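Below: the structure, in structure tokens.
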Amino acid sequence: MKYNFKNDYTTGCHPNILEALVSSNLVAQEGYGEDQYCNEAIDLIKAKIDHGDSVVHLVSGGTQANLLVIAALLRPYESVIAAETAHIQVHETGAIEATGHRIQTVKSADGKLSPDGIQKQLDLFEEVHTTIPRMVYISNSTEIGTIYSCDELKALSLFCRVNDLILFMDGARLASALTSAANDVTLKDLAIYTDVFYIGGTKAGALIGEAIVINNKTLQKNFIYNMKQRGALLAKGRLLGIQFLELFKDDLFFELGNHANRMAQKISSGISDLGLSFLTPTYTNQLFPILSNVVIAKLMEDYVFFTWIKIDEEVSAVRLVTSWSTEEQAVDEFIADLKIAVGG
Amino acid sequence: MKYNFKNDYTTGCHPNILEALVSSNLVAQEGYGEDQYCNEAIDLIKAKIDHGDSVVHLVSGGTQANLLVIAALLRPYESVIAAETAHIQVHETGAIEATGHRIQTVKSADGKLSPDGIQKQLDLFEEVHTTIPRMVYISNSTEIGTIYSCDELKALSLFCRVNDLILFMDGARLASALTSAANDVTLKDLAIYTDVFYIGGTKAGALIGEAIVINNKTLQKNFIYNMKQRGALLAKGRLLGIQFLELFKDDLFFELGNHANRMAQKISSGISDLGLSFLTPTYTNQLFPILSNVVIAKLMEDYVFFTWIKIDEEVSAVRLVTSWSTEEQAVDEFIADLKIAVGG
Amino acid sequence: MKYNFKNDYTTGCHPNILEALVSSNLVAQEGYGEDQYCNEAIDLIKAKIDHGDSVVHLVSGGTQANLLVIAALLRPYESVIAAETAHIQVHETGAIEATGHRIQTVKSADGKLSPDGIQKQLDLFEEVHTTIPRMVYISNSTEIGTIYSCDELKALSLFCRVNDLILFMDGARLASALTSAANDVTLKDLAIYTDVFYIGGTKAGALIGEAIVINNKTLQKNFIYNMKQRGALLAKGRLLGIQFLELFKDDLFFELGNHANRMAQKISSGISDLGLSFLTPTYTNQLFPILSNVVIAKLMEDYVFFTWIKIDEEVSAVRLVTSWSTEEQAVDEFIADLKIAVGG
Amino acid sequence: MKYNFKNDYTTGCHPNILEALVSSNLVAQEGYGEDQYCNEAIDLIKAKIDHGDSVVHLVSGGTQANLLVIAALLRPYESVIAAETAHIQVHETGAIEATGHRIQTVKSADGKLSPDGIQKQLDLFEEVHTTIPRMVYISNSTEIGTIYSCDELKALSLFCRVNDLILFMDGARLASALTSAANDVTLKDLAIYTDVFYIGGTKAGALIGEAIVINNKTLQKNFIYNMKQRGALLAKGRLLGIQFLELFKDDLFFELGNHANRMAQKISSGISDLGLSFLTPTYTNQLFPILSNVVIAKLMEDYVFFTWIKIDEEVSAVRLVTSWSTEEQAVDEFIADLKIAVGG
């Protein structure tokens, strides 16, 4: 049997969610997100972020959340600034442009944005002849596994407020970010420092589901019409409500993020112990070790993962991803097999 | 406890689906619909429709299926013809127009389209100055519970082919249509006579899910890019695959449709036996009995359902909907309570 | 030689405009509407409407003006209410839907909207599941030659303000409307009672050009970005400025509208004198006399015009349109020829 | 009086065009591009390019032409590749994204694209998760005054055909490109080697107008519906027809391009004679000399032009643009004044 480190959506969902689906199954509910589970889940999330003014909407997936937020909050001639590595730029099939909006990309070695990088895009503005930059998109953790510190987040928030920019955080991998050993950001901080963010369920032990949290009161109006219009409002919204209720009851969300990170750290230590290096340090559930092509080929016989980028003719960085369901045994076997492959 | 006849998505899903979710939960799979369950479900559906050339895509819901199909198959200046009562016209928050396309509506007493009605819209065409009608949207069963006969379907199909129109059937309630006592259409007929149709899971015992079947080979190319671009491609596509696999394994889909229809017929007979009449005959899982406002008020104390339209100051038609999970006991109690309310 | 009564854009422009193009030709100017002619024309229009808060933008044509206004002022899930005969509904190739917005149409015998008709569309609203009606589109004169009285305009304005609807008047044929003998509306009234309207140049003696006037201050922001983004901002904006400057200097605009109306009235009287009737009374520069097919065929040998609708097997209504350049001699000959055709 | 070297649309149009507008003014014509002048102009253009299969459409401006072509020819999930300096990327207010399409940009020192640069964008393609690159946009002359050689054009054409890419040339400054001393490309070559290109009138002595030429027969269908739908079909299309008829009768178009280039070369020589250098060589009607800030400030007292980019604290490159209407006297005075400014 091959162990799978390809991504964090290879398995189903945490058993608590399955149990809740079973126990609630025959209870008749209102449709379109008006059910009791959605209501309870939203109340619970609002309590966790401690921001009574926020509104929360539950949707199916990350690309859907991104395009809904961007299309709902921007006027047609407004653009969004993002890192060159941003998911909306590299892996969403032009979803943002399909809603009519330009993405202005910033080079970034670590997948993060800073005021300096954003300022360079603002400097390109020419009245009438360019779009008006109006939103900043960041992801936390980023597409290459890095996270924002609270100071970085505050600096971005201040810069955005000064420059009339909406700060939007893609939290598809927020569970992993907030439970990183290096993290000092809380859910409450996100409610204070971003205008809108979302809490990823799909990559944190749910079957589907992202919870969009709009903190800025001026941006909340009629969001659900955009959801319905773009096919994002589920008839059986209960499916989303039940999952987020389980994830935030007893802080399962954080427990699962923590597990994924712990598994990643264990692999990371095992790799370091072998004297091998990484493309970037391991903060969250994504690791980018640098391995020889021979070792990669050997490992791929028993494990599923991506080659990320070629370093030179003989060596590449690979991507390994752990998740809520990664078993410690798989991690141990991987390290042992790597040891053999490298030693051999 | 109130019994709920408001719609056919008040409960969760058939227990078989829950069991399959549980048993498959920890099996690692490819993402984005490349998993074994999607593959098996699609193969099974293709076998059922007996049309090797069709391609099948699984998506989350009806509005999403409608906008994906229409946006993918029409050029910007092409329009879709639909009945005035069509779901895309009355209950999708302008989803079709939001993709850039006009809906041309046809008056229809029974919710169905005929060549005559379509021809009237074709007659409005003026070169350059109007959109080019290019698609016909029908739903089966319709929004008011009627169904197409095979002869009607054949006539529409022929008319569409002659007039270079794509025939698209919204099958959100296809389970109920195909198991109606009045029905003579098969899944195989749909593959032959429509260019594209979809098989509704959400209203037939699934949590979410519609299976889009594109029969016309010239319309199949790159459909999945449209799905991804509009946020309709689930990372854990397995959630859709598992459900359709269960629905079509052992023909559960038809069994559930049949159950809903049987419950509707039982209510219908009970109402007729009381000498009451209907807005339209009961063919599927939607009933439209005409009741006095006093009776309606009395019933609403114990049952949840919609008032459909006011007939006069004292009498209205209501809508009752049964589903895969409607219990016979609820039906029996409803008839008994109606008898008391009417008799009283 | 055939005289042409087909429409009001068969010839070029008023000679004053040509002279101004010639005399200004080699004066170097800023591009994109920043030239002195645009500035002067806009100042002149604002003086004529006596509404200092209005902003004015010059664009090329009517469909362009319509789609720019509607797309700029509506959010994606908002719709516009219009008469079934509205230009945006019948002759703009789905231009409004192409910007993502639904048109909700109201039946109207005279091409006009009233609060009652609009209310019927408002009644269709269902929270989340339908678009939100947010704009009312009227045209003055209408597509069938009728005009709004000041009382009708006030009633619409009040109704729109009460119902949070933007009132938008398409003034492609405003010259003819405001100079109709039956008219009691002024340019100043339009600035008070509409949120936005435009002054049609193309059908009033210009080569191209419509002046969009946005009276409601909350709707003015960044309109020019929408113009640029949709290809409506001319590099040599002077072409538009020069024309509107000529049209409003010495009230040429009204003089030309009046001429067209006078020619229409003369034809109308001639037709009435022959005992013939009309589909609708003649208020502006469009006439809809009812003629026998034999007479129509005879006239079409020497004149160009449209058959509008078939009344019965033997009789049809035709449309005759006069313009700023219609010569009285053509009118006289037409009446004489009609007399012969009818008498023969 | 200040001479204006800011751009090539500061003045009106060539006198021949004004004369033709005057002489044709009262001739009644069909609307919407069906007039005799459009027909004749299109026939003339087709004769000049010697490509009977091409279709020609006349529109108002460059941004409009670009968005029409790109939106008409791409499917929603397809993208266009362009140089980082491309007009569609830097000066069209997100017009392309507003039609739903992504621009993939290529770094380019000289504003031109080569197969190598395009290939790098093709390499980013990932099935389903990225847009499909389907068009290559080039401009000739480019935004920084360079031109394509016939060999370069052939190489691009071959590369595009091999890779199933549509080759689209923006010819807003085609007059200047084709009459450059360095040019070896003909109009006939463009018909052979591009799928679609347009001939810029606005920057070549017309008031407005670009002639879109679609050479590839598979891309021609229904283009005019896109024009109408996006507000680009003028009621008085004659305005465009008359202008292109004059521009191509007696090859005025080339004469005017040649004049602009000659004026540019004269300035260029004058600058070189003073020992000054350029950012890029002068091939067409745009020059980019490098001047000290002191000299720039001095010249700006009497001449209008742009500072293009800052080279260091004391020196910048400026942009000077000549046009069909640039007088030799202005050129001579400029050189004389520059001599004084530099010498002083």
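What to note about this one:
Which chain is which? They are A, B, C and D, in the order written, and residues in each are numbered from 1.
In this text, contacts are C-beta pairs under 8 Å (C-beta built on N, C-alpha and C of every residue); 3 or more make two chains touch, one makes a residue touch a chain.
Listed by chain with UniProt protein names: A, B, C, D = Low-specificity L-threonine aldolase.
These numbers were taken from a predicted model, which means no experiment stands behind them.
More C-beta pairs in contact connect the chains of A-B than those of the other pair, out of A-C and A-B.
With respect to subunit A, maximal separation of chain centres occurs for C (centres as means of Cα atoms). Spacing of subunit A relative to subunit B, judged by their CA centroids, is 34 angstrom. Rounded to whole angstrom units, the spacing between the C-alpha centres of subunit B and subunit C is 43. One simple way to say how far apart two chains are is to compare their mean CA positions; for subunit A and subunit C this gives 52 Å. Shown for subunit A are the residues that touch two or more other chains, namely 76-77, 92-94, 98, 128-129, 131, 225, 228-229, 233.
Interface residues of subunit D, counted against subunit B in their complex, comprise 32, 71-72, 75-77, 128-129, 131-132, 222, 224-226, 228-229, 233. Partner subunit D is touched in their complex by these residues of subunit C: 3-4, 7, 9-13, 15, 18, 21-22, 24-31, 60-68, 92-95, 98, 202-203, 207-208, 225, 228-236, 238-239, 304, 325.
Of all the residues in subunit C, the ones that touch subunit B in their complex are 76-77, 79, 90-94, 97-102, 124, 126, 128-131.
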